[in-house]
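All remarks here apply to the structure that follows.
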Amino acid sequence: MPISARNQLTGRITEILLGEVMAHVSVRVGKNVIESVITRRSAEQLGLKKGDTVTAIIKSTEVMLMKD
Amino acid sequence: MPISARNQLTGRITEILLGEVMAHVSVRVGKNVIESVITRRSAEQLGLKKGDTVTAIIKSTEVMLMKD
Amino acid sequence: MPISARNQLTGRITEILLGEVMAHVSVRVGKNVIESVITRRSAEQLGLKKGDTVTAIIKSTEVMLMKD
Amino acid sequence: MPISARNQLTGRITEILLGEVMAHVSVRVGKNVIESVITRRSAEQLGLKKGDTVTAIIKSTEVMLMKD
Amino acid sequence: MPISARNQLTGRITEILLGEVMAHVSVRVGKNVIESVITRRSAEQLGLKKGDTVTAIIKSTEVMLMKD
Amino acid sequence: MPISARNQLTGRITEILLGEVMAHVSVRVGKNVIESVITRRSAEQLGLKKGDTVTAIIKSTEVMLMKD
């Protein structure tokens, strides 16, 4: 997708937790689980459900690094 | 690490681009490349270099989802 | 676009300032100018130039409110 | 306002959705609707209500661009 | 801690407000109170409670400046 | 200031590093130093210089917590 955000990780939804305003969505990407918090409204409008294929999108300025 | 950020992806640095203020760091994680923009100062103080093992840390509120 | 980010503002690029790592892009949207800082690499890979139509995308958790 | 955030969009609140911790606020700005998620506590302390004039403030590093 | 985030402020938790998805945590740091919104799940997994010593971590790209 | 961002820390600028696009500004707040990365353009338009009193503003959703 022609978007400036450099991190785009495709996976499958494993869990959705809905609150009144926010939703917590877990996505399996390879051996990792990516967790995303979006609005409940977006979760509903996208019709997200367990098993759906989605792409997690992350702007590179939001990624910190820790040295092991 | 006991940090609230739910996304912690470990990989190996494949490229570092240094600007005057910022640094652009690419990290291979499984089949994906994660790109991070941090301050040049952090890159230098952590002594980051190509081949280093690092963990990319991302707060879940920064992760968007796109439906395929 | 089926993305969870709730703010999507379409306009025309009026200015691009390139640094070594980052790029500062201004976009006219109606009567407002939206300013975006992305990586230089994204600006180049998207081939952004003055006059292009682009959509600014902003996650709702990044929007603060000030009362007048 | 003398703040570094380069995006300041003034409009009128069209809807407020309150959760226990967060609040989802929609603001009409020209032909667009800007959606903001802030803490419920801030929404209450600012006394936000439908019809209020507010300014949405967005740091430029939070704005992604998509090419059409 | 060898993390790129340049702001690390240690203090003591003074209040925790739990929602279904998110948690609002207040931390006294010197004369200031730092407020953080994290997932409820992180608050629970870290076992956060009033009086705990924690470090607030903030990426420098998230800090705006206002001139007085 | 009537802004929704819950963290507002006042201090004095101790250092400014200017790049082509971004600026790295350090602010002493009590016993801590807060570091901010803003656009060079904002640094110039606010006329920031060493010794100035400024307020660092941070949205609570940007604050992570680490347990000691």
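Letters A, B, C, D, E and F name the chains as they come in the text, with residue numbers starting at 1 for each one.
Please note the rule applied: a contact is a pair of C-beta atoms (placed from the backbone, for glycine too) under 8 Å apart; a residue touches a chain by one contact, two chains touch by 3 or more.
Please read these numbers as outputs of a predicted model, since none were measured by experiment.
Participant: Quick one: how many steps at least from chain B to chain D, stepping chain to touching chain?
Facilitator: The fewest steps needed to get from chain B to chain D is 2.
Participant: Quick one: which chains contact chain D and chain F both?
Facilitator: Per touch definition, common to chain D and chain F: C, E.
Participant: Specify the chain most distant from chain A by Cα centroid.
Facilitator: F
Participant: How would you label the chain E and chain F contact, same or different, if same means the shared numbers make up over half of all numbers there?
Facilitator: Mostly the same residues form this interface, as more than half of the numbers used are common to both chains.
Participant: Tally the contacting C-beta pairs at the A-B interface and at the A-D interface, and name the larger one.
Facilitator: A-B
Participant: Farthest from chain E by Cα centre, which chain is it? Let me know.
Facilitator: The chain farthest from chain E, judged by C-alpha centres, is C.
Participant: Measure off the straight-line distance from the CA centroid of chain D to the CA centroid of chain E, and report it in whole Å.
Facilitator: The mean C-alpha positions of chain D and chain E differ by 22 Å.
Participant: Take the average of all CA coordinates in chain C, do the same for chain E, and state the distance between these two points in whole angstrom.
Facilitator: 29
Participant: In chain A, which residues are in touch with two or more of the other chains?
Facilitator: Each of 1-6, 19-22, 24, 35-39, 41-42, 46, 57, 59-62, 64-67 in chain A touches at least two other chains.
Participant: Based on which chains touch which, is the overall arrangement a line, ring, star, complete graph, or other?
Facilitator: If you draw each chain as a dot and join those that touch, the picture is no line, ring, star or complete graph.
Participant: Between which chains is there touch?
Facilitator: Applying the touch rule to all chain pairs gives A-B, A-C, A-D, A-E, B-C, B-E, B-F, C-D, C-F, D-E, D-F, E-F.
Participant: If you look only at chain A, which of its residues touch chain C in the complex?
Facilitator: 1-6, 36-39, 41-43, 46, 57, 59-61
Participant: Spell out the part of chain E that touches chain D in their complex, as residue ranges.
Facilitator: Touch list, chain E to chain D: 17-24, 35, 37, 61-62, 64-67.
Participant: List the residues on chain A that touch chain B in their complex, please.
Facilitator: 1, 5-10, 24-25, 27, 29-32, 34-38, 42, 46-48, 52-68
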